[in-house]
């Protein structure tokens, strides 16, 4: 068997594995979420199907497959069918690029499906492809609420994508590469980025919530205003596919945050003291961190109220974007000046003699301070997005007859 | 490794398709999409040639062309939307206010 | 002095536009008179030397002017006729400010045409004179002037743009440094003299020369005019203001013959030699054809237009024959036909003023306006080349010279003399003699200024009909000079 | 990966299409408009929505391209001389001019 | 790999930066002050830009032949002269817009902003030393132009904007594709580099083996084909921009549909800039590339015939001017057929005169029209007796457009004819002469109608004459007359063959 075929087959195998894992994960996450929400709200949650309702997801799956799949008369059949597929496909695709462990740690194979040196760009691209699924779905339903819902959610997602993309720039500048494995390695050497880029992390976290249409940003499914948003006309498996996409993108987001800010698959190095090599156990740390973030998602959903749509948009454009931009320029300035300033003979780095990372701590402090400021003194910029500013009228004043040229 | 000629040929095909679209399609949106197709054909050609010459200038050019395309999209959509909201059509033939 | 003479009218024109209404006449008349005086002074001083300056140095375009020989005569006569026309305009046209201004502006163009010794400069003046002519037609013209106007302009431009091309070509193919006819020396920065060759010092090779000549000929044939490019002429004259003032200027503007003589002959001798039979035939046909058409005209202005066309046929015949006598005659004719043709237009204007039409069949004017009839008659005689009047000298020597070259064609042309007598006398007879229709308004006879306006040109016509020496003294050497240049070019390129 | 993930979606849809019951009634297949009959017919026919969404889309296009310009810069930033910072600064300032404009124009206001 | 900075030097960009500053200020400051102030500020900026291109001020760029960014931007005298023309036309359109924009309902700061951005693009084209820079400038110009054409909230202008946009963007797409091919054939975007490589392609003997011989060989077989294809594609793209037939269809609709003060801008400044690009590319980079001359001459012939013929049948003066713009494109493009040393000065001279002439014509239309559809020729009858000054000015400009001496238009035409004639395109010049007779007729009709007295009540806007417009008209007419009487005023600057040798990239 020629090795290109072997490689191909192995990749395919890994892909199937990842997908199956994600699907099961999704299935049981629904269960976990419902149980947790139950706990949060002091009620038992699902407990009928099987021990600890362990079979609940299976039941759901079977139900949604055997349920009648309604095609609305006014829908554009083809697009109406394709939209959920697109959505789930790219959600799954996005995950494949994330390294779950060091090279060759997965039975001699690399624990990722593909690893491009433009990894982050690819991942962002994939996640934004999800918008197509949602918008097309809403549009193809040929009905009012889905249309508006689709528009809303796509507008929301693209708006927050800017903040998302820009908040990562700081990390990229520090690493100097967009390949995820490099980033993880860099963190392994220099420490996690959460310490240097807390501010960026917060921005990214918020954007991630918005990207995944989770609470408090789950406007697309705002029952009060839009029935079920773009999902209104969907039922049965298609509806399930959308849910799948949402949860999977949640996984992806968690994994991404893990990779970018929390050192990826590497465990905290100081534990080496107790158990040697613990920080290199493949998958374990990775899954643990992911689990934490997923729990975080659910937690937030349970505790924070949904915000108004206009607030949402204004927040995205007036807060996220400028802050992200500011953070970027901050890092840039830091690298350009502090990193290169002559200080007691030699640049700061050389002065400290160590690797560059020591140069980062000051930046980390600044960033942390900003984050703290953003959280603590949030009332400073709340007015930016919480009340509508007066709008200047666009059309010019056309003077009445004969008057000499005014404006 | 595929030869430069193949890429250029492909880009030529794309370009021709776009040209045909511009000439035959009657909806503003479609004409516009064809133009975008032409632009991307140009991008493909640029990248292919850049590889053939082994320098990066061509690829930076691609970046710029992409930006231009984006700007054109923004403005073009604005114009088309403005017209669409005035009269429920974007059919080029219906724009007969100005007789040639 | 020369430049002053050329540009004085333009300044006067601008002045006329600005000075208060009541002084306009005085300014205009004074300036025309002054111009005429300058012209006469130059004549007495026997012409001026060439004056050359760079205009657009990188392109070899120069401002080179000279008033001597033929040019001088034309200039003086132009000044004179402009003076007459201005006089009559002042008398005839109410509030003539604009008209006077245009006349003066046009005079500058005409004088420039005659004075310029540089092809591009010539072209510039040539086109410049067109604009006031058009304006006169547009402002003072008759009901269907737009058609006439477009016709006039289109014909002129069609010719002159092709001429522009051949101008470009002449310099390009002859490899001369400048567009000036005669070369000149310039003092360079380092003080050394450098000779810039003029067009006449180089020879354009054949067959290019033929093509360039055709381009040049087109423009000139339009301005001569020569059949079949004469179509604009009758409409132009017919639609112009009934007082023949603009027509006078239009007559003066028929500079085709001059252009051919001064530029084409030295620059394209071979081409002219090759085309001689054709062109002579064309000229003779023009003369005869025009006379024939004139015979059937019932509108004085059209009649005069065709009469002028017929004269131009003679002029062209003389020039194309490349024979010294004929050319001298042609120049003589071309110069002095301005006098009586212009005067005739003015007399038509007077007629129209009196009886309100330019129809040739109002009878019996003679009975009430004898003097006008008499003067008109005399002018007609001049026009149909009755011996003792200026017209005769020209036509006779043209025929004489042309006969030595192309007997038969000349014989055909000679018939024109008879035809001319026919149309002139018929028209005159049906207008002035015959029975006065009943109930027609009484027509005043000439008085004061009008005597002057018709009499002066007539007097000159008679003078130069009898005593040709002063004119010939100017014309003959010029013609010989040009022929000499042509011969040298022929020799340089056998 | 693409193959597999596409496969999942398609298989699922087909499966349910095969297995699921098909009992469509008019009312059931009608677009949901809180029980009212829909006014207009189907996709693309006069579905008007606020122009504001177009604006957001355009802004996104433009700003996203700007971000796209940032990525290569960021990736190469440490290797670049200090001048790169001023380049980036100029870029951002120009960006902010546009941002200020849309801000004052009230494009970002939702009512 | 090591990153080397390009030679960063903002001095050559100074005029552009002035204009850009104006643009930004009018973008940002439009909220705080009135549009009138913004416009005056922009005019001041334009004047500054113009001065900075002369040698009057200490920091003037004239004759310094600066270049920066690895030859990407070149402020040689050619660029400066064309830039001067651009600035002049822009000042004219801004002045006119001061009076007429409020009537056209486009009097808000965005108008100025867009105009200034467009001017920035135009200048960038003129200053470009590099296909990429040229492309960027072209796009800035075009995009701003689309917006300008659509700015007025009326069906006419939106329609014209859409047409302009669709055809224009198609044109730029073709242009970009051509640029890609040119890059493929020569491996360089720099004009000088391209010129040098073209020579190599033409006679491969001179190819120095050292310089990436491998790639040269790799491309050698189709090198020539790609080169020609690229040249022709670029030609087509530019033909869209300057409205050479058969790519001219958008022109009349856009020029007559857009608000008049914008038509002024589009028909003068934008065209000038596009020609600057053509000059740079064809007379500079591709000067000895094969095949494009012969195609261009046919395009010109078609343009001359179509433009003049169509203009002849127009009844609306604004639309007539639009077609005459097409016709003049033909005359202007004749200059490109010549060698740079002959055609370049001709083009520069003609561009200036053309800007002045049609600038005045459009200014007067803008001042006197009742609505944005312009004046019908019939309505101009007797204008001389209602607005004598405007009538005379318009007559002078029409005569100049028709190419009658002693006005500047004559020398422009003369130079164009000479340029084409001396490069063996005699038949084209003859055609041009004949077509310009037609042009004379259709220019003459309105010009003469204005002087014909008539009794009908005036049909134009009564209060048209305002100081800024008068200033524009005066500027234009004086320019036309002076340049006609003393062409050396402007021509002598352009006539120096040295600057054109640089343009051809030989000086590098």
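The first chain written gets the first letter, and so on, giving A, B, C, D and E; residue counts start at 1 in each chain.
The working rule: contacts are C-beta pairs under 8 Å (C-beta built on N, C-alpha and C of every residue); 3 or more make two chains touch, one makes a residue touch a chain.
For each chain, UniProt lists the protein as follows: A = NADH-quinone oxidoreductase subunit H; B = NADH-quinone oxidoreductase subunit K; C = NADH-quinone oxidoreductase subunit M; D = NADH-quinone oxidoreductase subunit; E = NADH-quinone oxidoreductase subunit N.
None of the values given here were measured: they were computed from a predicted structure.
Peer 1: Go through the assembly and pull out the chains touching chain B as well as chain D.
Peer 2: Intersection of chain B and chain D contact lists gives E.
Peer 1: If we look at chain B and chain E, which chains touch each of them?
Peer 2: For chain B paired with chain E, the chains in contact with each are D, in label order.
Peer 1: Just grab the chain with the largest centre-to-centre distance to chain B, centres being mean Cα coordinates.
Peer 2: Looking at centroid distances, C is the chain farthest away.
Peer 1: My parser should flag the chain pair with the most contacts; which pair should that be?
Peer 2: Top-ranked chain pair by contact count is A-D.
Peer 1: Averaging each chain's C-alpha atoms to get its centre, pick out the one most distant from chain D.
Peer 2: Centroid comparison gives C as the farthest chain from chain D.
Peer 1: Can you work out the whole-Å distance between the CA centroids of chain A and chain D?
Peer 2: 15
Peer 1: Averaged over CA atoms, how far is the centre of chain A from the centre of chain B? Could you give it in whole Å?
Peer 2: The answer is 32 Å.
Peer 1: Roughly how far is chain C from chain D, going centre to centre by Cα mean, in whole Å?
Peer 2: Roughly 80 Å, centre to centre.
Peer 1: Centre to centre, by mean C-alpha position, how many angstrom separate chain D and chain E?
Peer 2: Taking the mean C-alpha position of each chain, the two centres sit 39 Å apart.
Peer 1: Among the residues of chain D, pick out those that touch two or more other chains and give their numbers.
Peer 2: Expected reply: 57, 64, 76, 79, 104.
Peer 1: Give me the residues of chain B that touch two or more other chains.
Peer 2: Chain B, residues with two or more chain partners: 71, 78.
Peer 1: Can you list every residue of chain E that touches 2 or more other chains, as numbers and ranges?
Peer 2: 31
Peer 1: Please name which positions on chain C make contact with chain E in the complex.
Peer 2: Interface residues on the chain C side: 55-59, 120, 123-124, 127-128, 130-131, 134-135, 138-139, 145-146, 149-150, 153-154, 157-158, 161-162, 164-165, 168-169, 172.
Peer 1: Report the residues of chain E in contact with chain C in the complex, numbered from low to high.
Peer 2: Contacts found on chain E: 345, 399, 402-406, 410-411, 414-415, 417-418, 421-422, 426, 429-430, 433-434, 436-437, 440-441, 444-445, 448-449, 451-453, 487-488, 491-492, 495.
Peer 1: Which positions of chain D touch chain A when the two form their complex?
Peer 2: 1-6, 8-10, 12-13, 15-17, 19-24, 26, 28-34, 38, 41-44, 47, 49, 53, 56-57, 59-60, 63-64, 67, 70-71, 74-79, 82, 84-85, 88-89, 92, 95-96, 99, 103-106, 108-111
Peer 1: In the complex, go through chain D and note every residue touching chain E.
Peer 2: Per the touch definition, chain D meets chain E at residues 76, 79-81, 83, 97-98, 100-101, 104.
Peer 1: Which part of chain B faces chain E closely enough to touch in the complex?
Peer 2: Contacts found on chain B: 4-5, 8, 11, 15, 18, 22, 28, 31-32, 34-35, 38-39, 41-43, 45-46, 48-50, 52-55, 57-58, 60-61, 64-65, 68, 71-72, 75-76, 78-80, 82-83, 86-87, 92, 95, 97-98, 100.
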